[in-house]
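Each chain gets a letter, A, B, C and D, in the order it is written, and its residues are counted from 1.
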Amino acid sequence: MVGGFGGAGGQPTRLMLALRDLGVNNLTIIGNVAGISKTTGYGWPEHLEPIDQGIFFESGQATKIICSFPVPGTTNPLSDIERAWQEGKADVEIVPQGTLIERIRSAGAGIPAFYTPTGVGTPVALGKEHRIFNGQEYIMETALSADYALIRAEKADTRGNLQYIGTSRAFNPAMATAAQITIAEVDQIVEPGGIDPERVGTLSTYVDRIVERIPGDPLP
Amino acid sequence: MNSHEKHLDNDPAPRLDRISIAKRAARDLIDGSTVNLGIGIPAMCADYLPAGVELRYHAENGILGFGELAKPNEGDPNLMDAGGKFPKRIKGMAFFDSVESFNLIRGGHIDVTVLGGLQVSKKGDLANWMIPKRGIGSIGGAMDLAASAKRVVIAMEHTTKSGIPKVVNECTFPLTAKNCVSQIITDIAVIDVDKKHGQLILREAAPGWSFEDIQARTDATLVVQSTLRVIT
Amino acid sequence: MVGGFGGAGGQPTRLMLALRDLGVNNLTIIGNVAGISKTTGYGWPEHLEPIDQGIFFESGQATKIICSFPVPGTTNPLSDIERAWQEGKADVEIVPQGTLIERIRSAGAGIPAFYTPTGVGTPVALGKEHRIFNGQEYIMETALSADYALIRAEKADTRGNLQYIGTSRAFNPAMATAAQITIAEVDQIVEPGGIDPERVGTLSTYVDRIVERIPGDPLP
Amino acid sequence: MNSHEKHLDNDPAPRLDRISIAKRAARDLIDGSTVNLGIGIPAMCADYLPAGVELRYHAENGILGFGELAKPNEGDPNLMDAGGKFPKRIKGMAFFDSVESFNLIRGGHIDVTVLGGLQVSKKGDLANWMIPKRGIGSIGGAMDLAASAKRVVIAMEHTTKSGIPKVVNECTFPLTAKNCVSQIITDIAVIDVDKKHGQLILREAAPGWSFEDIQARTDATLVVQSTLRVIT
């Protein structure tokens, strides 16, 4: 799992680059908006070269992505993910965004399955259990977990409590709860007390490892 | 070439431009509503609100109560909207995560969403996420919004560039949600969807456009229940 | 629905008293720990006379409670709720706390039903659908909504955004999303900008009415 | 009177007091664990941790990382634990709502919960929320904790005050959760539950207590797999 929404903010940029450089293969990536920024600049400051989950498909390390938004409106140029898909090198599983985040949240919350109205009557509902509650039709969706969650926050304290800023929360807090190992990339590590207890966005229990960025890193 | 193309050539009057579609859609937005605007024409509604109307803008990525965009190169990557743009920091905003963001949507707390469309059927089915021949598409938050917003308004061109009707009897493109659209606002018409009876009620026409002109460019049968108003 | 956890903090004390004084009848109350403080002092400062959902059973206004913890360990004195139950004047539906909060959250989140491991093999599971996921047994629980939610927060801005403090969150944020009408009792109403956007605990969309307490109110 | 009462009269040695039960339960708690302690003996574990062990204390009402209680009349109503007591404000705490609190529990993120018990069966079934004759009980967070904590330890007296065994073949009281208890720590014994095979392994005995003494006060059959240690 790779946290954030899509775009620069809230994305574990350095962890992603480190994973790419590690060279591990056969990765399944779970993300939200994926592979759009490298193609269109989505959510990145204009003066910077965007990085997104497409790097794992460009390098051939990833063979599957589960996400809500893997291709941009344009096809010129093709995104790394669409190219890998066209060439038969990658599976793409497209999940509605609300269903995706709720599936991840459910995995962390001990809920194996839930019903949602989203996707009824669409290709998303194919093969899924349909059920009527109070006269409305719903489909059943199941929890989605991962071996690793790479997430991004503003601050961590030394116990592992995390603080987020602005719209950088997105998928990070839920992903932190849904992986065997959660690794947080943060701008700053502080002592206990350095995060307001009212501002803890991810509890220390969920965080296994913390990586502090180099101060002044130009990469978002 | 397609039989519908001649309709473009035969247009009785100019079609509305994108700004005019956005203006018309903006006019019905009610002060204080919680609103989610899709990218493209829908997002432009924000610039044409009636005087005195303030909305609570929601974006899927976890923000409520944002407003105008920051100047180029003054945007904060940690203050983004769902379109990947960077709004200004203003008073009364709220930030939250994606779980909360989709609780708001799925729970039916969005008063109005204005979205783009590829096809809308007479039953209010919406297709707006994938052109079949591409074989791959992006859903994002569209299915959640279409399925659960209290009111779904589609702002789009009435036909494709080559004149193929987008208001149809049955959608041939993969659906976003069934029976969800309340109103269609296009460059030639405003159409209410009677979701219960599966029929389309033509309410307004662009200046110089008659019922017959619009029907000729619409796959589904249109009904007129009262005097056709002119879109202003 | 009456927010808070049980105990003084986070409880809409003034709204509860106002509802009692209004004299409406046949109320179904949804709460968490309920009727304990009046009997045992649970969660109240020692020098104050506790108030809790028991007041609606003492007055005979409530005929049902749905909650997780309606009776204290002691039976001397009986709580108002237990007395009403013994006299056949009130139904008591006891729901495990995690299931109760998730049912309320689901109502606000558009999820009609979910599966949980909590309660399997216990009286709570009687009559409920059982289902195996990944070799473990779960029961299905359904969303729980209300006509009104009476909640309590520290601050509201004039748009209705709410800020909570400390452990006063509890059931308040979820209940705010799950009722037709949500009424928030707050210590202070501020202008937009008076709440840090990072600290909004309930979005203005969920809040229908705000009641500001009198400054210095001695009641928690 | 009940046949078990004579066992109290016939006790071979004193039973441990509540503090000693709490001390024994505290000894196995591992540094850094996320722990939820029930009211009564379990809550007392916090006062008897081995040197160097720091725990992340969780309380159902939405707090992680609290410590000792505030002085009487210095408590803050907005800083409560699940037992209705008022902890001090300390560094590194976190506050959250009940949804998050039970995600932590139900999601299996609590390393250990120490709870009280009315009955524990040989299969590890736990009954601790209702005495049937009262007809009404309080569940609170007990069912969630018992069902989903990684390790459930029950700290309780071995028998009722009138000598009725609480470690039983089958619980007769309404269950809290099935097959959930890993260990039972009582005033005379430490018993591991082999949840897979449904048997109870006696590991430790209070000073002066033999296997036979403990078995005589236990409804379920106890097994000894190695030398019986003395609870210290």
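Note that in this section a residue touches a chain if its C-beta (ideal position, glycine included) is under 8 Å from a C-beta of that chain, and two chains touch if they have at least 3 such contacts.
These numbers were taken from a predicted model, which means no experiment stands behind them.
Rounded to whole angstrom, the centroid-to-centroid distance between chain A and chain C, based on C-alpha atoms, equals 33 Å. Between the Cα centres of chain B and chain C there is a gap of 38 Å. Chain C and chain D have CA centres that are 28 Å apart. Residue positions 95-96, 102, 105-106, 148 of chain B each touch two or more of the other chains.
Annotation for chain A: residues 102, 105, 109-111, 116-117, 164-166, 197-198 touch two or more other chains.
Contacts between chains form some other arrangement here, matching none of path, ring, star or all-to-all.
Applying the touch definition to all chain combinations yields A-B, A-C, A-D, B-C, C-D.
Taken together, the chain D residues at the contact with chain A in this complex read 34, 56, 58, 64-65, 91-96, 100, 102-109, 148. Remark: chain C residues 5-10, 32-33, 36-37, 40-47, 68-72, 75, 82, 85, 92, 94-99, 101-102, 105, 116-124, 154, 164-174, 201, 220 touch chain D in the complex.
The touching residues of chain C, counted against chain A in their complex, run 102, 106, 109-117, 131, 133-134, 136, 138, 142, 164-166, 197-199. Only residues 59-63, 72-73, 75-82, 84, 95-99, 101-102, 105-106, 125, 134, 136-144, 147-148, 174-179 of chain B touch chain A when the two sit together in their complex. Touching chain B in their complex are the following residues of chain C: 105, 107-111, 157, 159, 161, 177, 191-193, 197-198, 200, 203-206.
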